[in-house]
């Protein structure tokens, strides 16, 4: 009698073990998911800020390049004045 | 000729009215689309608020594709029939394309973090964008290294032309490469008419801003090219002057 | 003299020059062997999984080694300053371009002949489908040589060309690398797959496109 009971219990334990394992791993997965979830709002703000920053950097670079060219132009026009008649 | 040039340089550089109007319109469009996305569009049913990255993300991707394609086409034109304006256009398209490529590459992972649970996955489109961006940046560096030399300009143009078929083949390669990966969940579709309006508003706003950026950069490069030519002519004249007395004596 | 004959003459000249200074071949081969060794140190943890690294190690070694020899491909002309002269005397740039492609192809075939047996030996792998792998290697090396020669030729006069060459070349060759690794992997693991012909045709299309585009671009970009 006891031996049959032991056998049933042990069979159940062995049979349920994968299930328990699966449950445990599922629970672990869920907790991992919760732990990893980040605020969507901050991601959104970050994305738009980064895009703004990138475009701004480009605009600043264009402006700086333009300033350099204009400085060079002024220099050249002074040079033209210095050489005299302009033709 | 030199008379007009020397007169030209004293006139302050004027920005044409159409460009100013265009800049204002683009700025208004961007504001409008941002407001619309913030106030009118509902949060996505599955993804929540982060889905709002989608609008500008896809818009940037459009700007990137158009910009880089146009850069290749203008480089091809510059190779077949060299002209300063084709070169300037190719360079401006390339630069603006790269700027928006970086926009895509930074906003994409932030969105993916929420919707796919990780910043990066080797999904074909991501891989394609990354490779094409790397290639475009390499060509850009090449053009910057080459400065204003004719050789450098031709080399840069040739590489930009090469990039087009290469990108096309990369597209197939990464598609088949990623083929046996599990299909990623396609989050962030357009679910209602507010979203559709937001999407197209964002696309139009970004493309318009990208065009303004290209036009501005183009003007800057053209001015740079003219200044360079002027400097060359001026130094040639100085040289001629110096040599003239020797030749007459 | 037709283009074919001119190409052959130029190639023979280059082969003689290379044969006379034996260092280049030896150094390149040694670099390839070292590459394989370094990858083995980097990836190998247990013998059982080793076979999975064979395709990657093989193709990345070929890619890295090709950029080493590509950097020296135009060195004789550069050092002698004869690039423009050769183009002028051969009435166009096609013979020069194709002779350099053939030279690079010979180089990489030599590297290949050394590296493939070596990798198979080191990793104890066996190819189930030798013909397919040879076809993939052939197509891959041709594509590498054509695109690589164009990049090497154009970058010859650019600053920092040693860095710029890989920067441009590797993204462009990505399709060949992916396809080559896939085909080799299928052959090493012995899996019959319909994808095989897809990958081979992708490589073929790559080669065909760049065999047309590259000489044209070379002529356009270098014409005075």
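The first chain written gets the first letter, and so on, giving A, B and C; residue counts start at 1 in each chain.
In this text, a residue touches a chain if its C-beta (ideal position, glycine included) is under 8 Å from a C-beta of that chain, and two chains touch if they have at least 3 such contacts.
Being a predicted model, the structure only gives us computed values, none of them experimental.
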Most distant chain from chain A, judged by the mean position of its C-alpha atoms: C
Chain whose Cα centroid lies nearest the overall Cα centroid: B
Averaged-CA centre spacing for the pair chain B and chain A, given as whole angstrom: 22
Interchain centroid distance [CA atoms averaged], chain B/chain C, Å: 32
Length of the line joining the C-alpha centres of chain A and chain C, rounded to whole Å: 36
Of chain B, residues touching chain C in the complex: 79-80, 131-132, 134-135, 138-139, 141-142, 145-146, 151-152, 154-155, 157-159, 161-163, 165-166, 169-170, 172-174, 176-177, 179
Chain B-touching residues of chain C, taken from the complex the two chains share: 147, 150-151, 154-155, 157-160, 164, 167-168, 171-172, 174-175, 178-179, 182, 195, 198-199, 202, 205-206, 209-210, 213-214, 217-218, 220-222
Contacting residues of chain B [partner chain A, same complex]: 2-3, 5-6, 9-10, 13, 34, 47-50, 52-53, 56-57, 60, 95-96, 99, 102-103, 106-107, 110-111, 113-114, 117, 209, 213, 216-217, 220, 223-224, 227, 230-231, 234, 237-238, 241
Contact set on chain A toward chain B in their complex: 33, 36-38, 40-41, 43-44, 46-48, 50-51, 54-55, 58-59, 62, 65-66, 69-70, 72-74, 76-77, 79-81, 83, 86-87
